[in-house]
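Naming follows writing order (A, B and C), and every chain is counted from residue 1.
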């Protein structure tokens, strides 16, 4: 059963159409990540779920009950805010207990619950402190504690990690994921960071321009993006898009003498695009040194290296395919130098084909 | 710290709530602002004086009388004179003092704290204080002047027609120059130091730097200060009342004192009603115009 | 070496100027305070006495014996009560203006423009009304007027302070289960405590220092200290001892308050235009 159901939701800010008809069902206990660039409407969507913004059209159902006109306090949701939203004049204990007190929870129960939540987040030694005495990571834990101490139906996270430095962010990602497993609650998490989306989500809902571009499991979206936008959004470094033409068994790359062989099983998909422009999407990790991968599903390319960026475990190599810059992710032992020409193989079974007009994948 | 979201965002159930919040304040403002005004408008069309409780309709009689009342226009003139002399002097002195304090100085905070004390003295008390200072025989000012001239000085500061304006202006400037000083000091401290450094590297002189960089930077604050003080001066009452009560004769009568005398000493109730409405209309036009020009609290 | 020498001279000159200015600006206050400690003989001595023989308090004693000092109590009552009303009503109104832009810029501008109308033009109509309702020379009448007169200031200042509060603090409380009114008391008020405190002080000082409203609307029962000071001016004989002692009684509390207020002074007197 869907815990949360959103039907053709619209939201306007004056003349700005922030959410343009979103339909979404979120099953009980799932960890859903709403991801997209800033201004895509993901935060607005989250706030309408919380009841912090009125909706202009459509409906929101929680547990089968339409909550359009239900005030935030009666929706039984808990939320973690981007800037933590901790009260500077209250101790950590009081901050965590704030929501319980609103619900007139007995004092003994408050103490038990705060103790339990703070233990789960290993902040039980900080309860007497004030927010200004805590570090960023600790503040984040308190903010999360404040939400989980309540037995809410749905937990909302509004870019909770964006104020943390990279290392803490990695740590907190795991922490939140662990909490989700332990609590088994429905959680909706908003972020602009595709790595957070990929690593944490049971399901990603990718928003663009106030609409859902695609939703599904992280690997689903990664492997089978529905549009060029999705393909480019997920993955780092992002997918290479190469302009080309479909000719019989090949895609010839514009402004070059390169071409890629189309594998047998895909040929009939591309027949309708014969002799038309096409965009080929290749992820950096689907390049490899020609001598290593030698199989019929691989296409060979000879490219001139412009730049090598080693990261230790992998090296990123920049070159050109026609007019398009491209990045390949190679093993560092593949010893590379600038301005050398190397042979690369492309795993054609993993390549995606995009119609340049509709920007949909074929 | 700026909020990222539009502040106007409505949260569920706000529609009634936001009006509940403003209702008591608006009620009181209307009660004290609008209700008596309407009553006054009514009265101003009647002929009530101390002698005669004449509530019959007199039409625009009181308003046409405004035009020929030379005492009223003189009072307005006096008010404008006070404003036009005091305001620039306060501004300039305040700016000079602020310049003096802009760099580090041992005990800076203590001096500032002491210097701003005049601002918080009740204006009527500062008027009283100055009347003590300016006393012909027992005041220290004539005494100090005597040290320089070598003979007894017996200037009648609050009576002599040539001296009443300087007397009132002295008290006024003494009280409010620290106000300008405080605001301009805050404004000067907020001027971007790197801009000044860049200017000095570019070889700009003191005055060029002041007019091209400092002045534009502090202008918004200066405009607010001028607006606040300008409006204060327009309502000038307490200091003058304590020093001269508008005298000698009506020489230092300001618009506020004139209204007070008409309404509460001569009891020309209906006529004063017309005067009060004239002032409100005059000021409303002025204030609305000024508010649009000046970014008061953005 | 040379430049540091020049710097020292410059600093010394600035120091002399600063000290001279401070003396100049404090002298009237010094004189007022000193007169209040002088005996009648010292007050009316020629040439004037700069430092009284003993700091005797007979001028103050007279005020308390005559009951004139009660006017300071009146000032305290009307300024205090009107400040409390103006703060509570003004702050919730400011919250509405800040968060919901109730009435838009027009309402906000109308409210602040109410502050700028000359008091004499406000007090005359109010006086007519009060005569009608028998509210002249009552605490209620004076408190109502001070509350109304200070409301625009409170609303304007608190609007600025409230706009500085991150909105998510309130949203978090809403999600946590509080009603809108609870959010105002439990989040907004504590969050702008410093602003509330500073604004209340200024509101209090305005009412405390007011002369014209009290002059028009009081007779004897609720006359404030500022009105009382002017009562001692009369014809040929000014009661200097009483004038100065009463002035000091009214001024001293303000000085103490302001001493603790340095941080908020600039923002307060500039109507919030300078955050200082």
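FYI, a contact is a pair of C-beta atoms (placed from the backbone, for glycine too) under 8 Å apart; a residue touches a chain by one contact, two chains touch by 3 or more.
Here the structure is a predicted model, which means the values were calculated and not measured.
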Path length in steps (a step moves to a chain that is touched) from chain A to chain C
1
If every chain is reduced to the average of its C-alpha atoms, which one ends up farthest from chain A?
B
As a quick test, compute the distance in whole Å between the mean CA positions of chain A and chain C.
56
Expressed in whole Å, how far the mean CA point of chain A lies from that of chain B is 59
Nearest whole angstrom, what separates the Cα centre of chain B from the Cα centre of chain C?
15
Of all residues in chain A, the ones touching two or more other chains:
51-52, 71-72
What parts of chain C, by residue number, touch at least two of the other chains?
166, 171, 174
Hunt down the residues of chain B that sit against at least two other chains at once, touch-wise.
10-11, 13
Which residues of chain B touch chain C once you look at their complex with the stated criterion?
1, 3, 5, 7-8, 10-11, 13-14, 17-19, 21-22, 24-26, 28-29, 31-33, 35-37, 39-40, 43, 97, 100-101, 103, 105, 109, 111-126, 128-133, 137-140, 143, 146, 174, 177-179, 182-183, 186-187, 220-221, 224-225, 228, 231, 234-235, 237-238, 241-242, 255-256, 259-260, 263-264, 269, 272-273, 276-277, 279-280, 283-284, 287-288, 291, 294-297
Taking the complex as given, what residues does chain C use to touch chain A?
166, 168-169, 171-179, 182, 187, 190-191, 193
Provide the residue numbers of chain C that touch chain B in the complex, in ascending order.
11, 14-15, 17-18, 21-22, 25-26, 28-29, 31-32, 35, 43-48, 50, 89-90, 92-93, 95-103, 107, 109, 111-114, 116-122, 124-129, 132, 144-145, 147-149, 151-152, 155-156, 159-160, 163-164, 166-167, 171, 174, 180-181, 184, 205, 208-212, 215-216, 226, 229-230, 233, 238, 240, 243-244, 247, 250-251, 254-255, 258-259, 262, 265-266, 269-274, 276
Residue numbers on chain A that touch chain C, as the complex places them
47, 50-52, 71-73, 75, 77-79, 81-83, 85, 87-89, 98-99, 102-103, 146, 150, 156
